[in-house]
Amino acid sequence: MQPMADASPPKWHLAHTTWFFERFVLKPHVPGYTEFHSMYERLFNSYYNAVCEPFPRADRGHLSRPTVNDTLAYRAHVDGAMATLLEHVDESAALETIVLGIHHEQQHQELLLTDIKCILGFNPLAPAYHASAVRAASATQDAYGFCDIPGGAIEIGHAEGTGFAFDNEQPAHLVLLQPYRLGTRLVANGEFLEFVLDDGYRRPEFWLSDGWDRCKRGQLGPAPLYWRQQEGRWFEYRLDGNQPLVPHTPVVHVSFFEADAYARWKGARLPTEFEWENAATTLGARNHAGNFVESGVLHPTHAHGDARARRLMGDAWEWTPSAYHPYPGFRARAGALGEYNGKFMSNQMVLRGGSCATPQSHIRTTYRNFFYPQDRWQFSGIRLAQDL
Amino acid sequence: MQPMADASPPKWHLAHTTWFFERFVLKPHVPGYTEFHSMYERLFNSYYNAVCEPFPRADRGHLSRPTVNDTLAYRAHVDGAMATLLEHVDESAALETIVLGIHHEQQHQELLLTDIKCILGFNPLAPAYHASAVRAASATQDAYGFCDIPGGAIEIGHAEGTGFAFDNEQPAHLVLLQPYRLGTRLVANGEFLEFVLDDGYRRPEFWLSDGWDRCKRGQLGPAPLYWRQQEGRWFEYRLDGNQPLVPHTPVVHVSFFEADAYARWKGARLPTEFEWENAATTLGARNHAGNFVESGVLHPTHAHGDARARRLMGDAWEWTPSAYHPYPGFRARAGALGEYNGKFMSNQMVLRGGSCATPQSHIRTTYRNFFYPQDRWQFSGIRLAQDL
Amino acid sequence: MQPMADASPPKWHLAHTTWFFERFVLKPHVPGYTEFHSMYERLFNSYYNAVCEPFPRADRGHLSRPTVNDTLAYRAHVDGAMATLLEHVDESAALETIVLGIHHEQQHQELLLTDIKCILGFNPLAPAYHASAVRAASATQDAYGFCDIPGGAIEIGHAEGTGFAFDNEQPAHLVLLQPYRLGTRLVANGEFLEFVLDDGYRRPEFWLSDGWDRCKRGQLGPAPLYWRQQEGRWFEYRLDGNQPLVPHTPVVHVSFFEADAYARWKGARLPTEFEWENAATTLGARNHAGNFVESGVLHPTHAHGDARARRLMGDAWEWTPSAYHPYPGFRARAGALGEYNGKFMSNQMVLRGGSCATPQSHIRTTYRNFFYPQDRWQFSGIRLAQDL
Amino acid sequence: MQPMADASPPKWHLAHTTWFFERFVLKPHVPGYTEFHSMYERLFNSYYNAVCEPFPRADRGHLSRPTVNDTLAYRAHVDGAMATLLEHVDESAALETIVLGIHHEQQHQELLLTDIKCILGFNPLAPAYHASAVRAASATQDAYGFCDIPGGAIEIGHAEGTGFAFDNEQPAHLVLLQPYRLGTRLVANGEFLEFVLDDGYRRPEFWLSDGWDRCKRGQLGPAPLYWRQQEGRWFEYRLDGNQPLVPHTPVVHVSFFEADAYARWKGARLPTEFEWENAATTLGARNHAGNFVESGVLHPTHAHGDARARRLMGDAWEWTPSAYHPYPGFRARAGALGEYNGKFMSNQMVLRGGSCATPQSHIRTTYRNFFYPQDRWQFSGIRLAQDL
């Protein structure tokens, strides 16, 4: 099912990632390949207009057929053909697309979890997806700190020849940064609760105009997406069920508008994607990461910092105030796969760092995720910054 | 799932009919009855505001929990309690409500089929619900005929003391009818196709203003709900799958607006609910009925008439141009069950006669079904009438 | 301007009533008539699809041209041609249409006032249309009373050969009525205020389902259309400005849903259009009418009754629970003018009796006005009835 | 009137610019100042939440009062008080706000023209605002050319102490630019027509995803906003009326989505706001400008270039692919006037250079205008760029 258009049904994710290999690897590269079902090309096409008119996104949840079993059979069919192809993959002209397909599937692994959370979290019964794996962390929390980072001409983006990256991370190029201060950790639930209790969602002075419009229309607020107040106490729906709000875990499921409003309330701002990437590179973010999907926790665990801005990766995607736009000299891929990233380069904001639902091998310091400023169903959180 | 707000998921029908017995029979009449789940009172409340704020109708399809198995367990729990209660039912103060609950469940048996048809018919794969049971009927068809029916002061409605009837069929009362002519059968697909091919959906002169607005906005037309044109040929999705349009079976899944426009194009009109009931009573409709759900065909089979207007019951609900309003002296039931019928007495039209999805024991000549004039997902068809 | 789609700009009314004579009288009946402007046929066509595709209703308020002066010149042009034609009108084949055009213009005289009230009443400055003409009535008010009216076979509708009537009032026919009780006057502001203060707009038990949906969505309530509460006191915007609510003048600007809910709260119901017409005929309503537009008051003045149900006409249109449907044997006019009334015979309710904005010569006891059950911008009020 | 929410009525512009001086200059700085009307504070507040809840933007067109005369009286009242204050303005603490108010009024001078164009252009009668002032230009047109511009570390933004600028142009800062090629003139109608005739609006490969959605929903296309095709010929509504499309005047009234799609179709891209500003600064744009409002033409006149990218200013605002975001170190003004610019820094795109409706003294090379990517009612056009 699909409680909102953005969140696709689990079955659809299974079929679509399969479709990707069938459509972009098997059909062009395996002579004589027999497609599993003639109508799946359209049903599981997400948005590639060059392939065919996609089935309407908002109706994915109404596809009672194929069943889950049909979908698994489709997957087995494509897996079999892929296995055969992969025996000769080193020489295969399809290699680059296969690698892309695997990264694509990793993205859907994360979406599968956030969309399941949306489905279950929508339900008044608040069913849990898994047994709780969140460990009781220390009850005390350090004050929110900042570390100073020097500016300069910084290289941003993915340098050619250094492994896989999406086209939107390229080409690498220099950007001038002024010195800045970066928050040493993600903002915690308890801190965001102060904003809520200070009437943050009802005071226009903290909000961008488009965000405030959403507040007034009841589309944002009165708290992050999965927070509920019951008999005076605050709860947060997590993948392990409806739980009392833990003050020192990072706040997640906030939109860019909420992240930005919180920062303004706090006398700070959000870090740009370049400030973030610069810090992640210079501070060795990969060696000091928070938790990814492999931990099995499926919720951000840390809102602890130290003197440096560590744990930039994992736990929660970090909103930046940077529009998702092409880098200078950007070239989309040729053919239908050119629609993968480039055509979304308007109206969306960049998020960085990966989350507790991201496969660890999927993320990079140059990785650019992007969502609309009002989107909240991802594990999206807040890191603060300030001018120096 | 729920492709449109009107069509509830099968699981929901199971739970709601169970809820009806729990809420209106067991809770008030069985001391010490333990409810199955504290939140089901709200989740499966269809529209009884006196019980509690119902769960939003349009979101029924997003309830991933309770699962089908949970729902069957709920049903078993309630069935068990009902069985115990029924051992003493003759003396039970609950008897009247139990009978109502059974009629209520019969209504949902029909809705279950029309909603499943909506779910499957929405799907581009057009999956069949059951193996075809439609028999090849004679290829020839009689011309559309009328029979004359005298007017007079006619008794309409359910006379007290003659078995079960809904409150909206009561009290019986006299109505003055002028003599009229009634079509001897339902309008057939082939006849409605002529209207389509004559640009019927594009000519405002046949349409009520509100229907024409819907045509212009693309909400009605270019054909009945489940018709599709593929490579120049017409098909009709039925519960046995997508089938070539059979010209001589009755047209179904038309709205009141389409029925009315067709009649005007044909130089006729629709029969009022009183004209229909008068004919059904005097012609002995029950003895000459079309097919009901018990036949297993699940599609109207007959569009054949004879000199008299037989087969007034079964096959397809017949749209009337009568607003669904209370009869003189109407009294709604007391308590929450008063919301069963009375509060819908605005903006809807009466349909008469039952359909191929109606249980035979459910229907009566005085039975008043009602839907909005734009509704099309029921087995609703057309019988013509004329002034004499 | 046009604060809502239903309320047309004054300039448009002037042009449209002129258009009616140009299009239906001058063009077909005056050889060599020169139309004033080739594009006005479309711009001022209200809804006659047989003439041409009408200019969209909701955009009438955006027509900066023609100006008021252009429109008056258009009117003078058509008036001149009509004057010439009228010199020979007795023999004119156009006579019947000219009479219809005059009745049409009377209808727009009323709409002009209700639409101006909508425009001015929308404005936070609450400008008055005219100096107050409401006289201080007696401060005391009689209790709400009923008179008994016998039933029987009653003639309803306009008998041929007795002067002008619209097609929707015809043909005259017999209807069976049961005895009933009819309220002796319109419901007063003070009485409706009790309903408001008793949380009437927040209690679903009084409301038809479609009306309650509108309450929940904030489209109805918390009081009649032009009521405002300011610092604890109630005001009513009238055409003489924003005024303290007068308890004993009739409540107006309520929808059918509000009228029906009020009646249910009061343990009564609304009279059907047949009950109303029967009373109006037998009680000689024309001789005991309330105020019409000629009084210049432009607001209902009386909520006083006596032992009989007088003042059935004037002051406020009275909502009935009767759907606006054709009478048995109804025939719409031939040609484009057949769209005048008949095509609106779905989804609307009948109102009877005329209002303080109706020309006195326009109204009849058989006159059927019709609006959607949610409409509130007319001078629509409430008379109660009960079964006997 | 207000054919769409974005385009305010002329009267409102008069009142709002007056309001600005009353609210931000007279009330805080003139002791004993008497406001003209107590309700105008709210009615003519555009969007300053810190002042009061603004009157809803989409309803401005429904304000029948104050009349034009009332508004002019309001303006005279405020002008009088301003004249008195200005006698001492050098010492006035209000000086900075007065200057801002004048620049604010210049912005509304431009909006007044584009909103009047919207009102008149909406009208099927296509009334002209003024007699034609567009001179017949040479019938021939140069091919579209590019000039090369070197990159480097470029100063962007308004340097302090060099005259008035809005807060959003500050602070000045260095940006790294790669070498690029800039189109030597605006794209012409005839060139854009080729895109239209090549089915540009129906081919998804040229469009950003959000733009394509709008095309499919009929919200963009099939041509620029004021183009109409009549009997096979193309016309463009201009402020001098509906005119045959002139091939060599610049295309205007395109959205960012259309500008971007055209560029992609052409194998080019749009220049970033930094590329634009760099070129404008280095090429001395102010000395080689197109026409501004002072010319009285009220339509772009030139689509001629030379070897250099001249006429960067005037004629048409030039869409850039740069999101309207704060410059590093941006500080909004203090107080309510901080809402002037900063709160709009999401979801909008920067346009540069001014148009034929812009006062010449209002524009600067550092000036940043901003609109939503779908907006089309401004004089917005297209200049191409390419990577070098």
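Letters A, B, C and D mark the chains as written, and numbering starts fresh at 1 in each.
Keep in mind that, in the parts below, a residue touches a chain if its C-beta (ideal position, glycine included) is under 8 Å from a C-beta of that chain, and two chains touch if they have at least 3 such contacts.
These numbers were taken from a predicted model, which means no experiment stands behind them.
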| item | value |
| --- | --- |
| Partner chains that chain C and chain D have in common | none |
| For chain A and chain B, chains touching each | none |
| Whole-Å gap separating chain A and chain C, where each centre is the average of the chain's CA atoms | 57 |
| Cα-centroid distance, chain A relative to chain D, in whole angstrom | 35 |
| Per-residue overlap in chain C, given as positions that touch at least 2 other chains | none |
| Chain pairs in mutual contact under the definition given at the outset | A-B, A-D, B-C, C-D |
| In the complex with chain D, residue positions of chain C that touch it | 1-3, 39, 42-43, 55, 59, 61-66, 119-120, 122-125, 127 |
| Chain D residues within the chain A interface of the complex | 47, 49-50, 153, 173-176, 178, 204-205, 207-212, 256-257, 260, 321-323, 325-326, 328-329, 343-347, 373, 387 |
